[in-house]
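Residue numbering begins at 1 within each chain, and the chains themselves are lettered A, B and C in the order written.
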Amino acid sequence: MNSFSALIPLLIIVFASLCIMILEAFLKKENKDYLAYISIIFLVVCGFFLVRAWNKDFSYFNGNLFLDNLSLFFSFIFLITTFLVILISMKYISLQGVNCGEYYSLLLLALSGMLIMVSSGDLLVIFLGLEVLSISSYSLAGLRRKDEKSSEAAIKYFLLGCFASAFLVYGIALLYGATYSTDIASIINHFQSGESLGLMALIGLGMFVIGFGFKIAVVPFHMWTPDVYEGAPTPITAFFSVGPKAVGFAVLLRVLYPYLKNVQDSSKAIFLLLCIISVLTMVVGNLIALRQTNLKRILAYSSIAHAGYLLIAILAQDNASLVFYLTVYIFMNIGAFAAVIALGKKDKEYLELEDYAGIGFKYPWIGATFSVFLLSLAGFPPTGGFLAKFYVFSAAVRQDLVPLVIIGVLASLISVFYYLRIIVYMYMKEPSYEVDINIDNPGLFLVLFLCLYGVLQLGIFPGNVLILIKQAVTALL
Amino acid sequence: MAHFLFFLLAIVCIASVLGMIISKNQAYNALFLVLAFACMGGFFALLDAPFIAVVQIIIYAGAIMILFIFVIMMINLREGLPPERKKWTLYFALGIAVVLFVELILTMKSAFSSLKSGGIEKIGSPTDIGRLLFTEYLYPFEITSILIIAALVGAIVLVKKRDKE
Amino acid sequence: MIELFLVFVIFGFLGVLLVVMNKLLGPKRSNPTKESPFECGSPYLQDGINPFPLKYSLVAFLFLLFDIEVVFFFPWALVFKEIGITALIVMFAYIFILLIGFIYAWKKGAFQWER
């Protein structure tokens, strides 16, 4: 249905971001804490409109912008992500000296980029959305200007991000050259009609996948991830590890699912490419994580490894399990980062493994919730992480991808080691020095609680969410 | 007339590119590049593509060059590469140049053959672009404003001094 | 067409002539001191091009952004009559967003010289 309502959620977020920019410029220093609350209010309003649009299939701008159930579901997930990230940032940015209103403004702009990406079927629009997301992310990564590592992260992210964008644009250009369209549906139609599209279209699609491979950090294209994750402010790292990754998978799902499903002859090459990337990602990500001692780097490599499992879901062509995995992943990863952020005080963060010795008894709430998130990341029942992996692997078995599943299971066995090592440090090591932290941080504890609820709810009673996801993915058929 | 202009522009363009490569002074390099870009703008105008000509001059000769000059000014490029790396660079550049040359010849061959068969289709008039931009591609157009604002905020927040904290 | 051609020839010739005439007619006396950049006779202290602080780049960057914005006005002006009131609304929305950015940049002192 062609209606202006399709534009409203995006408009609200952009308007919120502009408001915060203006307020930041005009407000006095001591009033800046309110900016977080203002952005949360806008997020809630936007969420309200998203929920109302469910099942309505609004579209606008000649179908360049559409809100089918899948984009609504993803948009809602991104809203939750941003909401959680804002909550964990509130105290952090004043403690770590990045207290400026632009923080929220850029975060909301990044969110608007993600909304643009998931709610369009046109590669040109998707690319523009990706650039909005990326440019905001580059600046967010460099916000801790006193810290050299943060600037390094920003410049590294910027250079490699530009490189990836160039790949992506080149891919889109080749696809356009081969099919005379930037619309995903008609590109797939061209592929399907079996006219000799030749090498050009295939290379275009390959470059498209590689460009997004950078964004979702899969293995040959993952080099930037650990450094950027380490240097960026920690809440922003949490955002990077879920936001761009989830949106990348959402777009890949839109492009690759109909492609792999409908195009028989030429899809073998892309399928093989994805298989190789997936195996490399799982194995390399998990193996390198074993040797890390910095918590942010461990979580960075763990997020790389998770991209590998998610790729299996794409290969198995099981959309519901992919979306479910992403939903669970957002809660458990943001939860884990929230626990890492909790261990900090004025101008100091505790990020080394040694710092975590004895935390489990000294701060039982942080220790317990962090353990649950780590177990979920490793894939233990009864957490959401177990169910997510279970759905993905069983879908893969149904599609006769048994070798991939075996590698996946072995890789997650490796991952258990480094996740459990953190828990062992927290509960079984004697602390050799004092770690005192600022625990006056209600927003962060709210996030820990919400994520704990999310992980357990999705792990024990996933029924309602699964029904919603099933409704959402029908949009693809 | 068009032929005369073409050859004039071509000579100036090639001369300025040569000057850019030969000149050792980076500021001159940049200025030569501006000249080359401006000549390219002229080419596009000759090809009946005024919009691209304008964009070429405003964006390339204006905006992109500013970035070039700033990079030149910000980084000290006085010391050249060490000789062993220079040699390696030379071979690499030669290889790429050969590939580019072959590619150009192939492209030209196919371009001439298609010219014979079809003739030139008039595209890229500013009116056509405007019509497309403000009807069919309205949504991407509006997104660019969000993109520009994100870049603006990012630049200011990273470069500008903050109040004392 | 022929007038345009003549204009190009005449003014091109004039320009070249003025440059070359100086070389041809003027006396040629030079010594190393005369060739060096002017610095009151003393040996010059530093090169003309120096690395300079990042804050200048902000000016360049803002110019770049608003420069790109201007490019879109050109096709807009050409199709304005055809599309009418819609074009006005579309451009106002575009300008509004950038105006907010402009106000923000101004208030933040991006156009002010920083010491």
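We take it that contacts are C-beta pairs under 8 Å (C-beta built on N, C-alpha and C of every residue); 3 or more make two chains touch, one makes a residue touch a chain.
In this text, all values refer to a predicted model and were calculated from it rather than measured experimentally.
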Pair exhibiting more inter-chain C-beta contacts, B-C or A-B: B-C
Using mean Cα positions as chain centres, tell me which chain lies farthest from chain A. C
Rounded to the nearest Å, the gap separating the Cα centres of chain A and chain C is 42
Give, as an integer number of Å, the spacing between the C-alpha centres of chain C and chain B. 16
Suppose each chain is reduced to the average of its Cα coordinates; what separation in Å results between chain A and chain B? 35
Chain C, residues touching no fewer than two other chains: 97, 100-101, 104, 108
Of all residues in chain A, which are in touch with two or more distinct other chains? 14, 18, 21
Overlap residues in chain B, where contacts from two or more other chains coincide: 138, 144, 146, 149, 151, 153, 155-156
So in the complex, the part of chain C that touches chain A is made up of which residues? 97, 100-101, 103-104, 107-108
In the complex, chain C residues that touch chain B: 1-2, 4-5, 8, 12, 47-52, 54-58, 60-65, 67-72, 74-76, 78-79, 82-83, 86-87, 90, 93-94, 97-98, 100-101, 104-105, 108-110, 114
In their shared complex, chain C is touched by residues of chain B numbered 1, 4-5, 8, 25-27, 51, 54-55, 58-59, 62-63, 66-67, 69-70, 72-76, 78, 126-127, 129-131, 133-135, 138, 141-142, 144-146, 148-149, 151-153, 155-156, 159-161
Sort out for me which residues of chain A touch chain B in the complex. 14, 17-18, 21, 29, 60-62, 64-65, 97, 99-100, 102, 105-106, 109, 112-113, 116, 120, 122, 124-125, 128-129, 131-132, 135-136, 138-139, 142-143, 145, 154
What residues on chain B touch chain A, complex-wise? 136-140, 143-144, 146-147, 149-151, 153-158, 162-163, 165
